[in-house]
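You will see chain A twice below: alongside chain B first, and alongside chain C after that.
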Partner chain A sequence: MIGLVIGAVVAAALIVLRLVTSDLDAGALPNRMRDFVTLATSVVIESLPFVFLGILISIVVRFWVPDRWLHRIMPRTPWLRRVVISLVGVLLPVCECGNVPLARGFIMKGFSVPEAMTFLLAAPILNPVTIVTTYQAFGWNDGILAGRIIGGFVIANLVGWVFSRHPQPEALLTPRFEAACRIEAGPSGSGSAGARPRLRRSVVAFAEETSTMLPALIVGSAIAGAIQVGLSRDILVALGSNPIWSVLALMLLAFVVAICSNVDAFFILAFGSTFLPGGVVAFLVFGAMVDVKMITLMRTTFTTAALVRLVAIVALASIALGFGVNLIA
Partner chain B sequence: MRDRLLSRWRGIVLSLIGVVAIVWLAATGQLGLYIHPRYYEFTVVMAVLAGIAVIAAFALVPGAADDDGHDHGDGHGHADGGGHGHADGDRHDHDHVHDDTAVARTGSGWRTTAWVAATALIVAGTVGALLVVPPSTLTSATVDQRDLNASAALTNAAADAAGQSATDLVGSDTTTFTVKDWASLLRQGAGEDYLAGKTADITGFVTPDPADPDNVFYVARFVVTCCAVDAQPVGVPVYLPGWQSDYAVDSWVHATGGFGSNPSTSSTQAIVLEPTALAAVDQPAEPYVY
Partner chain C sequence: MSTEQQPTEQPPTTGRPATARRSSDQPTKRGADRRWRRYRRTTTATIAALALLSVGLGAAAVLRGPTIDSASINLPAVIARDGQKLVLHADQSLAPITPDQVSVSPAAPVDVTASGPDVTLAFSGLLDYATTYHVRVDRVVGADTGLSGSLDYSFDTPDVPVYTLLRQGGAAARDPGRPEDQVLRSGIAAGPDATSEVVFEAPHILQYAVTDVALAAIVADDQGNTSLEVVPDGGSAVTVPTPTGARLQNLRSSPTSRLFGFTVSGGADAAGTPYQDAVFVFDPLSASGRADPVAGFGGAPLPLVDWRFVPGTSSLVGQGSDQQLYLVDPLKGGEPTPLGRHTQMRGFLPGGVQLVVADGEGESTIDLSTGAVTALPVFVPVVDPKYYPKKIVVQAGGVTIRQYDDVDYSSDSPVAASVIALADAAGTRELYRSTTAGSRVRDFCVSPNGQYLAVEVVPAGALNDGYALPGYSDMSTYFVDIASGATTRGVAGFLPDWCG
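This part shows the complex of A and B:
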């Protein structure tokens, strides 16, 4: 009960603070500072609901779905398992920032690290919302839709395969997260599972997952906002119509704008007429998998060395995909 | 103890800040300053669900800290006992933001202090951005960073996607045209013949034409597809020498008038709005266009 009282006091204090400050004049800040705050806040407001949804689904998977269900559904062959898990996004159309807590939930539930990576990279592209918006934006033109779907599927499974050859996949995880997984899987975890009510464990998991994800989200949003204020887009946009540079420039643009995969097709359509299709495909595949915000979120779970390798593979494969589409189209 | 406190309550406090900010923005009709209207319901529903989880956490987590048989504190004991590669160079990473409890456990006193300070900084920054700075639109500083009207193609392509071609725009009723519609027509190269006799009635904020800032300014809006981060500026050029003495950059104006060729020699715009009426107005409730 004392907890609820403290909670009510903190909530009341925050509400009063907001009411008191709402009459301040935003014009008192210099324009750039003001836009930085607006942009960073907008990334937080946009992403936060997806992160909450991802955490809630991950809690359902961890505590409320019986293990034997998953074992019955999933095939045994490793590459087939990765193929199946890369299609799970069809059932869970969560935006990419919500996929990070869900991938963590999968690892805690006993899925392997390469399987979780395959899910993390494939789900933002292979989900109905993304496919429909990409179709609305581009139709069947220039193989953009096919390039995105097939390319995303192949790259996600390629990354999963490469990391599955790692001798010790747990070494790809941050020590803290690995320790948390060991407890959940270990004998003490399952032994006392009945002793502690599931609801209480779910709530503690919510507290711990938000404690990990939200600071990363906020730091990532601040970086995204700062890049937007500091970097002029003209150069990237100008490079987008050159056969070689279009792929690289648009991948860099995808990395810095950090926009959700559900709507990035409309965003890039804005420039569609000036950009080559290969650049657009590279933007749609690379940006859905990796961007500044995703890097800070994924860093909660994977080591820096693992992330560098992951980004390198995804980037090289996206470049190859982009050049390939430019050659054909 | 401090580990456990921060490894749980940091997330609860940040969630609470986010929930209060979102619910207040929704209640005062200002969510549109940050995200596209299609996300309103989803955002509010998730904020309410997260709010319920936060209340449950305040009610249940304090008790859980006492009878908790396998929480993080216990877990670190296992991790150490397992001896699983903590010596690995790349895994023993003292990132103060992410590996906080690991650092607190292995690090010396100043490291603990450093990551407590980092947490305090993140919480303070979040409170500052979400609850102290009043909500505001993007300004002309962002127009400078993003080519004005570079995305006018969007209007046509998006209209095509919606089954409405650019020629429909040409044929349709111009009295309801927004800044975005006019900017798109000008971008397509609508000529003086087509524009002759047509009157624009538009509202937007003032931003100078970089090529001729003394004589030409734009009545501009941001087009948002997802959230303010992807906002693209569009604008209709207005020829009015000495405009800066009457209208401040970033202030909102309502302009009516016809179109004519641009008398300015240095501006790249061929056609400008010749205002018959121009008045300062308050910022509209929905400052962005979609």
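This part shows the complex of A and C:
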């Protein structure tokens, strides 16, 4: 109820702001402020459809797909389960921000935390939309497409394996999300929530996930916009022809621009002639798994310690991948 | 939330009775500690391994010195126009490059410039067809790292199709039931056993010309009346309207502007305008479907006894009956530009717009882009004095290629053999000599890139086919590599499109 009131107040404030400022020309705001608003809004607009799509698919997985069906089709061997789940993105072509609610749905459905992490990291890359757009942008040139697909698969499974060694994987989750999972499962496994009709539970879950995801998305987008305004792209481009700095600079760019994996290939295509292919591959792999917006979204689910380890492994693996591609390309 | 069944990686920690848990607290705690230690070791080892791998790969990438990242070159252009560039893009900025660091194999003259990570090689001549070129830049030094390396790049130039005209029937050209004449397409790089492809057939083909969008042919009916047929690529032949009763000849094409040109003599158009040696041009991509006369002074048709398209342009250069040369662009219109009087047009130097002309005092070139005339001293082949000199082709640097016939006037067939000789600074060498007694060369020409000689050979005892532009039975065209003098391939027919 409080959230509803806050939302209504914010919406009313925005309407009033629009009415008050409608007569002002475009130059009323400083250039950097306009850039910030444009960049932050563009990230929100670009991500929003995928977030809603992810939430909807997550709800379908949680409440409408039978448990037996999901678990029957999955292998029993842990590493093989992670391999299979890292390819599930082929069936669910949602970009990385939409995969966070979906990964949460998987955990609530009974998948282990390492499996959900594997899916979360692999699905933005190993899905048909991302593969096709990357192919359209780069074809088979310099091993960029192959590097992205193979690198994404290996890194996601590496992270899944490392976290599968955790003695209490549920400790990787935030207390709030773990509590939600316990409520979902219930004391007997059917769950207290199980007493409610599925449709009602779906609506409630949609509201809960939306209220969790959207603030994180907006905060992440604002941070992305602010960093882009503050960090000169000219500096990034100047570093492009160095085998080391090309990788590090484009990873930093990927972290900052927080662009969806479905379209990031076309974004970086403009840098393709300036930067070495290893940098492009690192951008396409690292940015699809970790960026400033994803950090805030993942923080709704995983503890800070878990995120630090995840980001460290993904970043180092992406660096190694980028350096390796620069070496052989 | 359920716990994954992972017997090796993640043993279940719940579901045991409370009493049993109490009785084994110590071992369970030890087991939990062991699992925590294993997790921390795994995480630390993974991060350390990835860090070491990154450092190793990064060091290897940096310490190997500059390498080539990408390259760009227009392959169709390097065999058609000189001055084409190959740009090698290194993975880092480079210290200055000197020409002695650059090698090209097979050898080709290049000008070298370098800027930032790019090394630009401008080829000052045309490259060979269907050839693999290896380019190497040695001792390149990274401007920032100081490390040295080399840039290696290879590329394959494309093969080109060459067309020939196969006349059927020899002396029986007008016999009913004879096979039709054919225009054949062959590849230069194809082996000697490769077959040619028929691209056009008609009962009587006098001449033909090709562009990448259409083929045109002057065809004759049984009464000898000529007409122009044009076959668009992938389409069927259409007859282009020409002045009634006119004789069409000297068909040529401009690959660049995709125009066809021909001369019209005799006859008149619908308005009764007569034509004599008037050049007409036809654009197969134009909606008009009509051939238009090239306008001369005052808009009147321009009569030319010899003419050809200027390579790489839509202009044509021609010679009037008074030996005056003219330059005119039929697409842009305007008055012809006089270029002065010269005895003969020899042709263009490969790859440019340098027209070679001959006068009593020798050869010279006219740069059609500037109009500048430059004397061109030529090398004269030294051959048996009894040989009768015939066609001459002059190449860059005054290199001369000339046909000679060994004539025996006491014989019924006076030409006993033909020889084609090349003279350059190194002296004279034979490029072609008739291999069988009585066979002779009808004509020869040089490929557009200057690499090959196309030699039209009339076999001994061949019969004249009686066409206005005569051919002979069983003619063949041989391709001779000018550099080595080796005959690489022979195809049926004559009038290769290079000679157009």
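Remarks
In the analysis below, the second predicted complex is superposed on the first by the 296 of 329 C-alpha atoms of A that agree within 3 Å, B and C clash if a C-alpha of one lies under 4 Å from a C-alpha of the other, contacts with A are read in each partner's own complex, and residues count from 1 in each chain.
Everything that follows uses one rule, which is that contacts are C-beta pairs under 8 Å (C-beta built on N, C-alpha and C of every residue); 3 or more make two chains touch, one makes a residue touch a chain.
Keep in mind the model is a prediction, meaning the values are calculated, not measured.
When the shared chain is aligned, no partner comes close enough to touch A:106: not chain B, not chain C. In the superposition on chain A, A:46 makes contact with chain B only, while chain C stays out of contact range. When the shared chain is aligned, chain B comes close enough to touch A:35, but chain C does not. When the shared chain is aligned, chain C comes close enough to touch A:242, but chain B does not. After overlaying the two complexes on the shared chain, residue contacts for A:182 are found with chain B and with chain C alike. In the superposed model, A:119 lies in contact with neither chain B nor chain C.
Looking at the shared chain after the overlay, A:326 reaches chain C, while chain B stays out of its contact range. In the superposition on chain A, contact is made by A:164 with chain C only, not with chain B.
Of the two partner chains placed by the overlay, neither chain B nor chain C lies in contact with A:302. When chain A is checked against chain B and against chain C, the one touching more of its residues turns out to be B.
168, 170, 178, 182, 189, 273 are the residues of chain A that lie in the contact sets of both chain B and chain C, per the superposition on chain A. Residues 1-6, 8-10, 13, 32, 35-36, 38-39, 42-43, 46-47, 50-51, 53-54, 57-58, 60-62, 64, 69-70, 89-93, 116-117, 144 of chain C touch chain A in their complex.
Contact residues on chain A toward chain C in their complex (touch as defined above): 76, 78, 81, 107-108, 110-112, 114-115, 142, 158, 162, 164-170, 178, 181-182, 184-185, 189, 241-244, 273, 276-278, 309, 312-313, 316-317, 319-320, 323-324, 326-327, 329. The part of chain A that touches chain B in the complex is made up of residues 1-4, 6-8, 10-11, 14-15, 17-18, 21-26, 29, 31-32, 34-35, 37-46, 48-50, 52-53, 56, 136-137, 139, 168, 170-171, 174-176, 178-180, 182-183, 186, 188-189, 192, 195-196, 199-200, 203-204, 206-216, 218-219, 222, 224-225, 228-229, 231-234, 237, 257-260, 262-264, 266-267, 269-274, 299-300, 303-305.
Within the complex, the chain B residues that touch chain A are 6-18, 20-22, 24-25, 28, 31, 33-36, 39, 42-43, 45-47, 49-50, 53-64, 67-72, 74-76, 78-79, 82, 84-86, 88, 90-93, 95, 97-102, 119, 122, 125-127, 129-142, 144-147, 150-151, 153-154, 157-158, 161, 223, 225-230, 232, 250.
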